[in-house]
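Before I ask anything, let me first share the structure, which is written out below as structure tokens.
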Amino acid sequence: MLSEIGREAYARGWALGTSGNLSAVVGLDPLRIAITPSGVDKGRLAPEQILEIDGDARPVRGSGRPSDEAAIHLAVVRARNAGAVLHTHSVWSTLLSESCAPAGGIAIHGYEMLKGLEGVRTHDHREWLPIVENRQDWSGGAPSVRAALEAHPDAHGLLLRGHGLYTWGRDLGQARRHLEVLEFLLEVRGRFRAAPQAAEKEA
Amino acid sequence: MLSEIGREAYARGWALGTSGNLSAVVGLDPLRIAITPSGVDKGRLAPEQILEIDGDARPVRGSGRPSDEAAIHLAVVRARNAGAVLHTHSVWSTLLSESCAPAGGIAIHGYEMLKGLEGVRTHDHREWLPIVENRQDWSGGAPSVRAALEAHPDAHGLLLRGHGLYTWGRDLGQARRHLEVLEFLLEVRGRFRAAPQAAEKEA
Amino acid sequence: MLSEIGREAYARGWALGTSGNLSAVVGLDPLRIAITPSGVDKGRLAPEQILEIDGDARPVRGSGRPSDEAAIHLAVVRARNAGAVLHTHSVWSTLLSESCAPAGGIAIHGYEMLKGLEGVRTHDHREWLPIVENRQDWSGGAPSVRAALEAHPDAHGLLLRGHGLYTWGRDLGQARRHLEVLEFLLEVRGRFRAAPQAAEKEA
Amino acid sequence: MLSEIGREAYARGWALGTSGNLSAVVGLDPLRIAITPSGVDKGRLAPEQILEIDGDARPVRGSGRPSDEAAIHLAVVRARNAGAVLHTHSVWSTLLSESCAPAGGIAIHGYEMLKGLEGVRTHDHREWLPIVENRQDWSGGAPSVRAALEAHPDAHGLLLRGHGLYTWGRDLGQARRHLEVLEFLLEVRGRFRAAPQAAEKEA
């Protein structure tokens, strides 16, 4: 299922150039996470390439190297009791994570598609996606991600600046739905910004 | 056939995140409508997931929950004698349903593609797609949709604000053609707005 | 082969909603042209749906109705000795055919991709695509298309205003190459116009 | 593998109209390069269409004509010790190669995706993609490409003006990763330029 989501994300252009990484919790006590290895093409991901890591991001099964961002996956799993974490690099999430960085995040409000996010019952919802500064090395942990998750306990995703989207869910199905919902909304938001006045004037 | 249209719409990005719903009339007396259930992935829609509802949106066959928007499907079927109703969430219909909301609708005029709409014989046709305010709960019926359909008896589609497109047809084939025609025209319209002056000046 | 090109064009969004039509000369004396029938879905085109018409656009084989635009195909075949004529409705050709109509055509200059057009040996070529006013009824012939082809004997394509692109070639392979080349260049041109200043300033 | 990359690039719209060419070193002493022939559809590339050329771009195996740009492939192989060279014509690389030509190149800085380029360890990397003037005839060699490669020894790609992208790698896998990384970044860059102020203001 991780490999299938990888192929779908690659086909949509959300995981080009071996970017992106995907994980799912496979055991809780002790914590065990299935995760895509570093540097692997998500369009050709085979189930046997998936690694298993422990709660310290050490590989316990499989032969590849875990992504440096495994620490972010672990931080999300713990902060949100997530069963799956998906990280993609789409054009729109990358672009907005940079252009909106001065504001610290992106607000999305009023769209029906927001109801695809777990627990959201009305389009009159305001989703705030925090933007966290990117870093070179996450191997020592991801305190800035943890802080953003704590500061925004209702957020269904977060962006790393110039880097892309992280979202999650109770299980892979829900995480995949959140991925599609947020990538859609970021594209709407990005395109809307390209010509808001023109759009309103002509109306 | 509903499942095939669901997969096509999903592939084009018009039904991400379990959004969208599709229906077809399967009996008239009493009224019976086949409809996609709530919360189902349109890219993986299996024929056996399709429900059947009666004229009060109560399920009479199948095991899922009908969409809250079943009332809109019923309103369209009755107002237009439609045999099929298709609802999608594309980026462009979502974006324009928001940016053009102050005008109450979107006018599309002069495009050959308009002749793909039933009964339209010339590109010199002006299609008015009304925009209806979105609501949280449609279970009690869809009076605002009914009112828009009555006020614009020639419209081949309507938009819910911040939500997406509804279109319909005598049968599924015609509804699918209207879907493609209107999504195409909304994209042209949306892109045109991004740079109308630049386009005209350089010409 | 016509059906294969139809499916490709549909998949790229260049022939949605049963739009577009495709033809290939199958006999010269007397003139016989294989052509897609009116109102057929180009994404599901079966070889047996292709019609054959004579030099007056009358069907001589097959059971569908020829497109009203068969007269345009005949005009192109005669003016250019074309072996195949392809007509598509992409978003960018539709948009530019409208925005550039006051100028009477679209100039494309300096792109390497131009060398994909038959007889063009250098990127320093200036291709002029004339824009012809759209009409409701082409059944009586296409004098405005003939006039544009005569006035621009080097053009590899032409646009109908608000309608789309016509291109052609010695055979289907060449016509298909011209289609891809021109649709590509129209997209480049359309996107360039959206932000030429921004692009130059930042450079 | 060349044919597979050709089909992928075609499907994404990076090699329409028989544009693009792909090569891989198959022998070093004497130098032998497998390369796609001139004028071939990259979406239908069959392994048996691939040619083999020597270090003077003369065919030594296969029946087609090598691309006029074989000299560029040879220049890249020699300057970079590349095992594979990929040349594509995407909309964004074409557009930016023209709009940024006055600056002599395109700087890309701060994006995580840059780490997909060999040897880049941090997103805080500044990639400079030189833009070389396009020419009609490369058969006599590619001194301007050689000069650009020497002047920018760290560049992972270069653009020909109005023409497209060249990138390379130690082997085909790495070259393909560089292609996806650079095409992604050029799209981000191109879209960002369309509305940088709007994006920042609204944030």
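Read from first to last, the chains carry the letters A, B, C and D; within each, the first residue is number 1.
Here is the rule we use: a contact is a pair of C-beta atoms (placed from the backbone, for glycine too) under 8 Å apart; a residue touches a chain by one contact, two chains touch by 3 or more.
The model shown is predicted, which means the values in this text are computed figures rather than measured ones.
Q: Quick one: how many steps at least from subunit B to subunit D, stepping chain to touching chain?
A: Minimum number of steps from subunit B to subunit D: 2.
Q: Report the chain whose CA-based centre is farthest from the CA-based centre of subunit C.
A: Farthest by centroid: A.
Q: Is the contact between copies subunit A and subunit B built from the same residues on both sides or from different ones, judged by whether over half of the numbers are shared?
A: Interface between subunit A and subunit B is built from largely different residues.
Q: Subunit C and subunit D are the same sequence; what rotation (0 to 180°, nearest 5) superposes their CA atoms?
A: Angle of the fitting rotation, subunit C to subunit D: 90 degrees.
Q: Need the CA-centroid distance for the pair subunit B / subunit C, whole Å please.
A: Distance between chain centres: 30 Å.
Q: Based only on mean CA positions, could you tell me how far subunit A sits from subunit C in angstrom?
A: Inter-chain centre distance comes to 42 Å.
Q: Find every residue in subunit D that makes contact with two or more other chains and list them.
A: Residues 194-196 of subunit D touch two or more partner chains.
Q: Which positions of subunit C touch subunit D when the two form their complex?
A: Per the stated touch rule, the residues are 12, 110-113, 116, 121-124, 177-178, 180-181, 183-184, 187-188, 191-192, 194-196, 198-200, 202-203.
Q: Report the residues of subunit A in contact with subunit D in the complex, numbered from low to high.
A: Those residues of subunit A that touch subunit D are 13, 16-19, 41, 89, 91-92, 94-96, 98-103, 106, 134, 136, 160, 162-164, 190, 193-196.
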